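Each in structure tokens, the structures are laid out below.
Two complexes are shown next, each including subunit A; its partner changes from subunit B in the first to subunit C in the second.
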Partner chain A sequence: MFKFVSGFYCSIVNMERGHSSGVKTPPTRGVVQKSKNKTYQQSYRSCLRASSRFALTPALTARRLNTSRRAPRLHNITEKVRPEHLDILMKTEWKLAYVTPLYQFRHTQLQSYSRQLSEFIAAEKQQGLAVEVEGLQSSFRVSFSVVPGMTEADDDAETVLIQIHSKPMFARQDKPQKPVWSGWLTCINGNPDYLQSLPQDFICLPLFGSSGSEVLTRLVQSWFQQTFDCCFGCLEISETCLHWLAALWTNCHSESSIQRLKLIWTIPVKPVLQVTYTVNPQDAWDLWSDIRKEPGEENEGEDGRSVDIEEVTRFIQGLKNHFYKHFKLDLSAGPLQQVSTALGSAKYSDLQQQIYDHHPHTTDRGCPPQNAHLENKDFKPTGNATFQQHLNTGNLEFFICIITTHEHINTIFTYYGWTNGYNLN
Partner chain B sequence: MGDATKRLLQRLIRRTRIQMLKTTLEKWDRLTLAQRQSMVFIQSKSAITEKLLSICEVLMLLVLLWFHCLLDVMDNPNQGMWYAFRLMDPEDDAHSVELMQFKEQFKSLLHELVRHVSVKIKKHADEAIWIRIAWGDGFSQPNHLKPTYVVHYLQTPFVFVTSITSKQKPLLSQALTVSTRHQDLKNANLSGRKLTAIRDLLMQQYPQVFPTNFPGHTAENNQMESNPRRVKEQAGLEADRLRMAHKAFGDGMLPELESAVYELETKFNGHANGTMTDREQPFRCVVKFTSTNLLESLRQCASSGIVSTVTPLFSSIPRSGKNYFVITNKSHGSSSKTSNITEPQILDSKD
Partner chain C sequence: MVRLKLIPFCGPHVHLVEAGTPVIGNDQFENNLVLVETVAYSKGLPPEGISIMLEFAMSLRMGNSPCVRVLKCLIPATVVPQEAVVRAVVWLCVGKIPISSQVLFIKWVLTVFDLIDAKDQLRAIYGFIFNFVTEENLCPFICHLLYLLTRKESVQIFRVRKLLELQSKLGRQPFLLYLLSLYRVFCPELVTLSIPSRMRSGFRNHNSPWKSALIAVQKKNGSQVSPTISLPFMTNSRKRKHRHLEIPKLCSVVNKPAQTEPSFSRKVVPFMQLNSFTELLENLHRIELPAQMGSLLASSMALHYLDCVQDESALLRLNFWLGYTLHEEFLFNSDGGASQDLDEAQQFLNKLLFTQDFLQEGFSATEAFLYKFLRVWDGSLLRPQILSLLSNIPVVPSLKIGRLLFEPLMQLFFTSSVFFKCGLIECLNNMLSKWLSWHTVYALEDDLDISLNSHTSINMTLSEFKDSVMELVHFVGRLASVGLQLESYHSLLLSFILDFYETVCDTFVKYELPLIVMPPAGVFYPALFATEPVSVDRLAYIMYRYKVNLTSAKLDIKQKMKASHISRQTFYEFNHYKAIMVNCLWNSKMSEPDMGLQLKEELLCKSNIPEYWKSFDLINHPAFMSCAIDFHRKCWPRKRNVDLNSIKLSRPWTWYLQYLYSQGYNGLKQFVSSM
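Coming up: the complex of A and B.
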């Protein structure tokens, strides 16, 4: 669950680790052997590549764990995105999902999609599947629109906003209608290699956010699945993610004040104890920069040093240790549930079963084979970020984009997720 | 009957539970028997309002309604936040303040301080005095929809207040201190939603802990029940933890406090190396613990080992009856609001 609390626009590009080894997709598409002994990063595809006339895109198992990310840059988004769109996107809690690339989705056909989705929802309602709280009388009006200005890289597809308004039987024309459900699909700072490698008719909008009833979300998702031959999957936020967010947001403090760093843990006793740990922003920043200064790090991407998972871990551990010295309570006893700053907030959701179900090496995804062309970048992370982290993060990889506007100290935070495909081998 | 009064009546009726309305009306002897009987079958509040308006004089009615709003709160004292205060520096005759004397003095003082104010005082069964204050000012009538409730136990220094603004507090403070013969009213740093809980905590009306040199009964009791052939490996450690938990929090029912807030302004102490530990300025953070029954959660943390020892920060909640603390590193000098701790220390049995 995310809240976009509008604020700064910094984008953190998923910069893979190991600047020296480079992250190039091999131009010749062949099988690349994977070495198990060193830290590296490569992508490999199966033998059948786009050249296959059956358009069987390569299956790629990707267990992709970022152990480093580039620190975010700031962009002022007020110039680029319209205020009414910003209003919609911010200050709402979004539930995230990943989407595999969409087949033959056209930004020019949004009107037609609006109509089709309304009809679909009406049809499903007739079958008795969607019974909404507003009453059986109301029908729904769907609108698709483009939100220009959110993209950063040239290859990114424009963000699409979907809103569902309910049309009550006796509509009052003078009242402006609030949507009963909103959602968006976006691609921000997509990996250009991956985007360019997609076959012709596919568009990549891998991040889906929704706010509103579960029933409508499922309906919208199933319509997308039917129409564009894609797959949706839950993008759950794990504890490591929350650690990353805490560190990256604190990192933004020098450019835009985070106003506070709030972390919420729950301790598993009966009755449940909740610990809310709110740190003064300047002190959090001092701690963070102190950790960053410690020796041993290699240097410089174009925009400053990358952030390493060890630094993130040390940051969180430092906060926990300070807490322990006072209360003798080890916060690792319970999960970190929520991180929030003025730039945004993220909540850990309870669906741990879902993450654990997706065993790293299983191959059944329910994705149709035509879409199995997700890029595989494999890591062997060093240090403590090992298989334990596999289980924690599930099968997720992120491009994190923090968008804020200078005026309102608000942030749109966009999580950009990917997941692994499945192994055809 | 004025419109404003009618509206006020309607609002008051709306806010009161209908059952309460009906039972009180049945008992109200100002209504004739016939009128009371006609009320029995009325089910809706609007109908009650109309009926009452047709029967009664305004003033009588309002008095009645105010009283049973008061009753309503007394029966459900767990709405809204209650704040505890302590009366300081009693004068010589503070112990002999009587109810009637207190009532008269308090009312007259408050009427002197505030031009338009409505004060109702009632004594509850357990010796608590409930005061309902509807504040007005020089220009407007008392606002009965946002009253302040004050609970005081005569001859104790404890006062509990809910729904009061910062402007009203000094007036209340003055009236209270003079009528109870004290010098000052100070914040006791204790707040919560449940009046019963904070009252029990502050006035220590729950099973207390008595330090003993020969503990061990609780551990033995538990052992009686389990299979004698089964040996728990960590029985000793478990018993120790249980003992520590009981020492700090007792082993009976605990008042249902919901939260505790600690403002930490101590030196940063989380890093082995780095410049943060050398920094002179404090690392400012605020830690808030919340739970449906906070003391029970803390006791569980202690007995299950999540907390390795019960630090003075936790044990001072029941000990001093506070749930708001400011922790600094100063080793000397303290104001009434701070509790100073240089290093977290393990409690010894003398504490």
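Coming up: the complex of A and C.
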């Protein structure tokens, strides 16, 4: 689960121009001709049902490990994205999934997709009944829309937002339908080589975020699967991923204040102890820049020296050591559950599960964990006041960039030749 | 008076029956009807008989009761004329027939549906038949009949509406659902529905009154007729926990591309509508792929089609799905998900293997998955499947082969049981022979420059291919040498290793690859000194094949005036091994100066073995000792003392060799004759 926290509200260029046809299906590209010698290829095809045709994706990309990434830069998304979209994107907590490329998806057909998905949901809701296609009487209304501006590179396909509205059974006639589910599919900073090597029948929108009832998520996913022949896989945020987020967010502090760095650990004692560790942004930044300075200074000038996993580990270890000095509590004992800054927040997906996994015999399952909000004297904790302010330069892409380098997505897209534009070894 | 006689003989007379003829007390009619029934149940009625009797019954010329009786005995001997059925439907439209008889009639049509000689006219009156669905009692049977008659052109929006309306009136009835689902196959854009998983049977069989009689008659007449009139309509009943390990169901595409080229508006046939291989062949040029490519793996007919799919996108879709499924199931699912549903996983991999075998090629998704999976594999989970999949991978460039394959395999090899070792060697042997077969096919095309399209970005030259093969052979050589030591020269392992070298020794002649690699000493000597004669014999055979290959390679060089592509070292190694073999087995000489293993004379003397240099000749070799003794007994049956040395004499020696060959040691024979 993660959440975009901040963002600007500002006018959108597209709207002023009055034509919302900024909808962009990525430019048509010729299928990259794979073989120099077409006739040769054809002829041996007939010779033996050659090994070739089933093996089209470059399979032998090197195994990439997430040991190093280029530090992403901040982009002010608020200038590009419409406020109503930002509103939806920012105020919700999203559950993430990766998606294989969509076959025959067209940004121009969104209206028809809305209709089809509504019908599909209605049919699934009443299994065994066929549903009238025209004159929809179902209680679910689906709308697909494009979120213009949520792209970074030229080859990125436009983000698609899906919302499902519903009216309660016995609601008054004039009551408006309430949104019950929303989700989006996006591609930001996709690897241009990979995107261009895909035949034009495919649209690559590899990240799927959803919020709302699990049942609806599953329905939407299975409709996509059947309609665009794609697959959805769950994208859990692991502890390492949270470490990365903490470090990379801190890395952005010089450009845009992160307000605070808040980390939540769960310590498996009985009863469960939850530690909320809030760090002053300047302190975090100092620690981070100390760690960053140590190795060769030659790259310093360049704006994107890659961040190494060792630096990330040292950063987190530094925070833990400091905590230990003051409270004599080793935070390594439990898993990191949540990271949040003004730029966004992310949490380990299955919190309860995780805690009880450490305590298989615990009897007081119903007992709420005892929260200990510890304050740190040196790292002055940020007050509650700053908590409520969402004034900062939001950075959605930045977030998604990080999420897309998550291990799972990386593994799967390593296979698809996906690199995310990071220096991955 | 009525003259109703036996149909086969004077059928036309039934036309003479006037309407309103009384039934009760009409003995003649009764007698004739009994006669008809007898014939019907014993031999069945001929087509014209069916026509006449059906006409008689449906016209209600003598009221309802004979109608039912006649319908019940309408057992066709061969076929049912379509015209008769159409006429009967016309009578049905007149609307005089009581509802129970109507139901009986439709049931009869359903029973004999496969025997109706043509269906075109019936399809022409589809609309008339459809009209009866509103009749509540008839509806289930009419739906079934419609299901059998429906073609794409019969699916119309007003019919869909009608059925939906009925559905709202009657509730969720299976017969409506199945008809609608067929409509959806033809026109997915008109019908939206999903089928609950618990419903699995098709239409009920309504053929009870006729079934047994029909089968009996058909059997008697010796004609074949499909006994069941059940529908090929199955829904997958089992609910799975891991939805992703399911092969998706065949579904047609709902979302057709907005505009097809108007210039040639060719008709496409959704794959789902094809029922037989013949239909597949007829429509091969205009098949529409299913919505989910993965669903093609489910049927063998689909595999035939997959074999000729040229569309790059389609194959990519298949690879995406496969890659996703394998990764999710075996790599991401860290909490032992795979072991929970081992059966399911096994079935899935078997299906995949079957597909790859059928297509004679591996999917790239499988390959990419295997490289990752090998790193986490324990060597026992689904071993047969994983090893078979592994043997299907295409040639790996020599630069990457070590990291992708050898590292994980080596680790697995040295930490597993001897059976795993055997399995792995066998797998690598299969892999090698597949690579070599590919080479033979591609090399024919272009002068020894192969381009393996499997790695689209990598064009492999011959020398790169040779490097990969050499790497693989050397790798197995290393595994084999150490493996044999570890397992104290296990004869099963040795056998698998010799299998491998049987492939290796023939690379030039059999596969036309200008590369010959000799086995390492760690394999050669254990085979030569093995305690089973089979191993020694196979080694001899392998040496013989090496000889054949090297000779023809040499000849090739001379003829084509090419630079030697087989290194001198190989020739030297071969000659060296050959000399040792000949010396050991035939000349009873152990310590030649240039022999690979150098043992000091004194050391051998210390062992106190008399005439140690003879220990490994064909007589004293531990593998052949029993043969020698056997031979000795047969040769000199009266001799009490076995003196094996007496075989050494020139004449017995020839006999002994003949004796060995007669025992089936052909490798030795070929080896000797070639030297």
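Please note the rule applied: the second predicted complex is superposed on the first by the 262 of 425 C-alpha atoms of A that agree within 3 Å, B and C clash if a C-alpha of one lies under 4 Å from a C-alpha of the other, contacts with A are read in each partner's own complex, and residues count from 1 in each chain.
The rule is short, and it goes like this: contacts are C-beta pairs under 8 Å (C-beta built on N, C-alpha and C of every residue); 3 or more make two chains touch, one makes a residue touch a chain.
Source: prediction; values computed, not measured.
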Worksheet item: After lining up the shared chain so the two structures overlap, which partner does A:254 touch, if you call subunit B first and subunit C second: first, second, both or neither?
Response: neither
Worksheet item: More subunit A residues touched by subunit B or by subunit C?
Response: C
Item to complete: Mind working out whether A:318 is in touch with subunit B, subunit C, both or neither, as first, second, both or neither?
Response: first
Discussion item. With both complexes superposed on chain A, which partner does A:286 reach: first (subunit B), second (subunit C), both or neither?
Written reply: first
Worksheet item: What is the contact status of A:111 with respect to subunit B (first) and subunit C (second): first, second, both, or neither?
Response: neither
Worksheet item: Of the two partner chains, subunit B (first) and subunit C (second), which one does A:196 touch, if any: first, second, both, or neither?
Response: neither
Item to complete: Touching subunit B in one complex and subunit C in the other: list those residues of subunit A.
Response: none
Item to complete: In the complex, go through subunit C and note every residue touching subunit A.
Response: 160-161, 163-164, 167, 172, 176-177, 180, 184, 189-196, 199, 244, 248, 251, 254-255, 257-258, 291-294, 307, 309-310, 312-313, 315-321, 323-325, 327-328, 331-332, 359-365, 367-369, 371-372, 394, 396-397, 400, 404, 438, 441-442, 444-446, 451-459
Discussion item. For the complex, give me every residue of subunit A touching subunit C.
Written reply: 31, 34-37, 40-41, 43-44, 47-60, 62-63, 100-101, 103-104, 106, 108-109, 112-113, 116, 119-120, 122-124, 127-133, 198-199, 201-202, 225-231, 233-234, 408, 411-412, 415-416
Discussion item. Under the stated contact criterion, what part of subunit B meets subunit A in this complex?
Written reply: 262, 264, 266, 268-271, 273-276, 279, 283-294, 296-298, 300-301, 304, 306-311, 313-314, 327, 344
Worksheet, complete the sentence: Note: in the complex, subunit A contacts subunit B through residues 267, 269-280, 283, 286-287, 290-291, 293-294, 317-330, 333
